[in-house]
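Down below are the structures I want you to see.
What follows is chain A paired twice: with chain B in the first complex and chain C in the second.
Up next is the complex of A and B:
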């Protein structure tokens, strides 16, 4: 196409610069928020008011900010759970299942330690350490199963993780409903509440799992940037065939990324159900927390596989989901504002990802030279 | 017992419709892992429109139309723009999961229309699905269009060299897959279980996706697999027919998913592969760049 002396064409791009990636991520988030404002508007709420209420609650209200920070830690752990396998080219969408597995394991440890008995719990500091450890282990076992099937038999990891999400969803119901092993003695459909002694200490309102999540995000980036093991995962993710020729064992890489990913998701389950003030139990609507884990997928994708870059993303999405829920109540919006945002963010990310592969190329076209006039021959009439 | 059988066949039909569309999609080399999302959106659209207009037929048309649109979006992303098919499919799934929750929530509850008409006590979707299996088999294996579809799924470069419009065929298959996913969703919300609930499918779409792999991309095996899974699904909801009083009903609900994992693992073993061979389309999931 030509426009005033410029030729314009759309071409496939080979490489992207960090600046473009950042602009793309920001564009995706802004576009999703703009699209969501159409939803608010059709529901009779002014988008500006809706965002002011949502973000005001999430970041400026003390109780809202507390909820945002707790959720950000949860989302960051879920992000890492998705991000580590993703660097190896694998999709761990089994976050909810691994979250439930972690929560169940942590509560099982508490139960064995006598959390439901009147006498109280002995060796509380040991149990307080064992609970997250058991959660990470349970998540890792579930993730490891996926990794094993993928590595040994090339079974599609997306299908297996989704199946295990459903399995764990129903198993959680089995544990906390209709007389299940972890059911509360006083309320049907939820787990017992952790006694005071088994609630981890808080610093600035946050449990130790918050520090763990931040440390893990930095450590993951360091491993992928500097360590040989991280290099092997990245090489495998970029080109499994070439990685194999370079002597990288695909079975090992696949198994490890899923073990680690599962452990992070298990810890996320521990964090939200066993370490966040106000909860300390597996509630009836545990499925909602499982669904929130999918924000981890978008976080990791938008942060382009960087744990540290995912921290502000996790904070933003935590704020949007906490604030969205609040605005939903305040403005009487339909249920599921946080779900709608999740969906819109995902699709705008896909769009930005696609747009990123193309470039609009402008080129100045030299002005056309006048065609020489035919020679005038004298004497010819 | 007859009721259980009729319900099982209806459940099978939903798996079959969704999986059949995905099968055609995959035979052309396009993988749509967002099948569950397309079903969710199609089902929700069918439910909302049927409730709004009071007509099952209009609802059904809306479900299929939404499926077509989403199928086309997947075609646009993954065929025309040559994006990563998994990213696009996952995007469509999470988009549908999120948006349908928001759009459908005010309508949570029963459809409020009279029951969907039946044919000899069976859902009319059952014969439709069987006819579609015959049609898909015929087109894929006996017509030049089928040859074109299979060739772009196996070797798009060779197909292009012989004059097949690779992008066009793949895009068409993605749209067809979307239409059947929408139909499957509509069959769920209008006839099988006309009560809207957030994320009502809870894995039906992913099981359908797995069924395509089980079928080794053959519509007849897919028919058999869908019937087996439909029966198993229904039994997992009513375990009293199998082993009354053994295990909680929640544990029974995990059975179809565990069986899916087990079958996926079994068909991936070297033993199975060497004896049966997986007729996986060679170019499945690979964008074609000419």
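Up next is the complex of A and C:
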């Protein structure tokens, strides 16, 4: 593009500093809040009031904070489920499907253990361990299927995971509806509720899966930093050709990242449906929780593939979705304002990445030399 | 003017014949370039090059890879601005700032790689970028015009077909038609036969003749294949290392003479350190064939043996099966047939990792795309050759301290200019990157080394260093397969010399039994084979 003797071009930036990244992230949050305040304002609510109510509920109100933390753990596990394949250059869009698979497996274990029977459950501590294990395994199997298709047959992993999301959504519906294997006693389109004995113990209101998620986030970063296996995944993600040259087996890498990613999503399903106080069942609106899993994609992208950096992002998104929903009710805002806020956040974060990756370069252009008129040509037209 | 000019230092040693006799006294040349000079950082790509193309002829521009053919054509098509020199089109001076200007002067170009939108129809591709297609498209009238045009030139291309459905030959036709539709009367074809099957080549050559003879189009044909020149060209301009070395009527010149122009005479046999006696066979290849990415059989049954302590030099112009050969040996491309034995073990179907473990070392031609990972540090890049080595991965963890020590050692031994071992690989220049890759691979002490274009794009100092390292690997007892386009290089280091042409070995002989000229002729497809 040319402007008055100057050429303007956009060039790729060579490297970015962590400080720049942090400033960019902060700028993105502020920009999104500023843009969303226009929405609040047009809906007839003062933006200041709206944010005070939303953030106050999400981070200062005890019950709001509890909901925020539970949701943050869920989002963090979903983030890891997306992040691990992403480091291998692969896109796991199948988070909701893998979440449902994890939830179904956990409840199936509970069912086998006699959760719906009057007599109560024996060996509860064993069952309490088996439930998350089964959830992780089910998510891994579903993810592994995608990885296998991708690795062996070059089937696009994005398409397969998206379709499996639909399959798993309806499969879940089939399991919990009237007559389904996991239906509740009253047949209201939701699963049975876990008996007291199968609810995991809480510390500070959080189940053990919270600790597991935090540990996993740190472990994932450590593996990618130090382990030879993590190195292979990174090499494959950055340059598959170079990885193949170096003797890294694309099939193994693809299969492993999807197995691991699926396992994290399965655990997320266990956490939200079987370990969070106040739920302990697969509710009728399980689709809403499934859709929330997609915020894991955004968290992973914003955190640039780091599990630890994703922790504050998961907290932020969890808080805004919990608080936004609360403010919407409290201020009688139109439906969807909370979604709009999260959507704006995504856009501004993507924008901050672009700004970070490119530089605008201005350069003086020397005046142009005159071109002679082309000679008359006996054209074919 | 005499385009060959008076003898310049380092210029041709053969008398040049000008083509004045062809030219009608009154009409100016269709295309005339004088003193075109273009330098890129570190390379003088074109050095005072002249080109004179008479109207209504096929003018071949002949030269090896890197001779400057494509750069010259890019200048004539407005893609590259020359540092010096003038261009005249039909006798009038012209200065092209972009291909748009060149097209306005009636010059069209068909590039070596296709520049079409695969998902669009032929018609949409033809209209795209047409000088008159601004704003609204009138596809129906364009279709009528194009149908008439295609009929006039006897081209059979389905305008409604999607480009991805077409064969390579048909796609090339679309590009030629596109240039003609845009009003080109001078058509530049850059290596038009390189992606085609032999029957498609025949069709193309016939069509070029008809374009010229029946429709008065002037064609500039860039090629390295002598048989193609013989088949259609009337005049040939030979480039070597950025200089124009000859301009001759094709009928007046012998093939051997053209080869001498292409290859040059500067090749001097250097004295080599006395090589140890040839050891046992370390790499045995029998009847090896492989498909290229387009699904064409581009390596067709090659057989050879590399012994410990020898360098086998394989010459050839890129695109004659060398890449496929190197990749099959590295395990990166499946063999269609044939057998590969490494140190006596059949590795035809072995994975790249197994080959690394067995002692195969591979230095690919694409140092930035395949041999390194740009965003990773040099230390992490060293890991590419060591992530599978137990000594560097105790308990499954990468030993970064050990890798760093090794990287520092490679940087020092191979004189890689890098500020520190944690700099990103993409910040290194091509020569330094190449020395790094070679150092990494050689640090594994491979028993067999496959080096593909190891000095491509390197300055003289770096290239000399790399060659010395190949000789040292040989002295240590490695068997080296050197795949190169550079005859000087092949003759400087090889014990035996072969040439690949269209996927086959033209010959494979001891270096003493041949000379660069003969091998140059092999590379150009001379051995009684038609294009």
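Throughout what follows, the second predicted complex is superposed on the first by the 345 of 381 C-alpha atoms of A that agree within 3 Å, B and C clash if a C-alpha of one lies under 4 Å from a C-alpha of the other, contacts with A are read in each partner's own complex, and residues count from 1 in each chain.
Throughout what follows, a contact is a pair of C-beta atoms (placed from the backbone, for glycine too) under 8 Å apart; a residue touches a chain by one contact, two chains touch by 3 or more.
Everything numeric here is computed off the predicted structure, so don't read it as measured data.
**Student:** So, A:242: does it touch chain B (first), chain C (second), both, or neither?
**Tutor:** Once the two structures are laid over each other on A, A:242 reaches chain C alone.
**Student:** Where does A:21 make contact in the superposed view: on chain B (first), on chain C (second), on both, or on neither?
**Tutor:** Once the two structures are laid over each other on A, A:21 reaches no partner at all.
**Student:** See if chain A has more residues touched by chain B or by chain C, and give me that chain.
**Tutor:** Of chain B and chain C, more residues of chain A lie in contact with B.
**Student:** Going by the contact rule set out at the top, does A:31 touch chain B (first), chain C (second), both, or neither?
**Tutor:** A:31 sits against neither chain B nor chain C.
**Student:** Is A:232 in contact with chain B, with chain C, with both, or with neither (first, second, both, neither)?
**Tutor:** The second partner, chain C, only.
**Student:** Check whether A:170 is in contact with chain B, with chain C, with both or with neither, and answer first, second, both or neither.
**Tutor:** Touch partner of A:170: chain B, not chain C.
**Student:** One more residue to check, A:108. First (chain B), second (chain C), both or neither?
**Tutor:** So A:108 meets neither chain B nor chain C here.
**Student:** Looking at the complex, which residues from chain A come into contact with chain B?
**Tutor:** Spelled out, the residues of chain A in touch with chain B are 39, 91, 93, 149, 153-156, 158-160, 162-167, 169-171, 173-174, 177-178, 180, 291, 294, 297-298, 301, 334-337, 339-344, 346-347, 349-350, 353-354, 357-358.
**Student:** Please name which positions on chain A make contact with chain C in the complex.
**Tutor:** Interface residues on the chain A side: 14-15, 226-229, 231-232, 234-235, 238-239, 241-249, 368-369, 371-372, 374-375, 377-381.
**Student:** Looking at the complex, which residues from chain B come into contact with chain A?
**Tutor:** Listed in rising order, the residues of chain B that touch chain A are 33, 36, 77, 81-84, 86-88, 90-92, 94-99, 101-103, 105-106, 198-199, 202-203, 206-207, 209-210, 213, 248, 250-251, 253-254, 257-258, 260-261, 264-265, 268-269.
**Student:** Applying the document's contact rule, which stretches of chain C touch chain A when the two form their complex?
**Tutor:** For this pair, the touching residues of chain C are 89-97, 101, 104-106, 145, 149, 152, 180-181, 183, 185, 330, 332, 351-356, 362, 364, 366, 369-376, 380, 383-385, 387-388, 393, 396-398, 424, 427.
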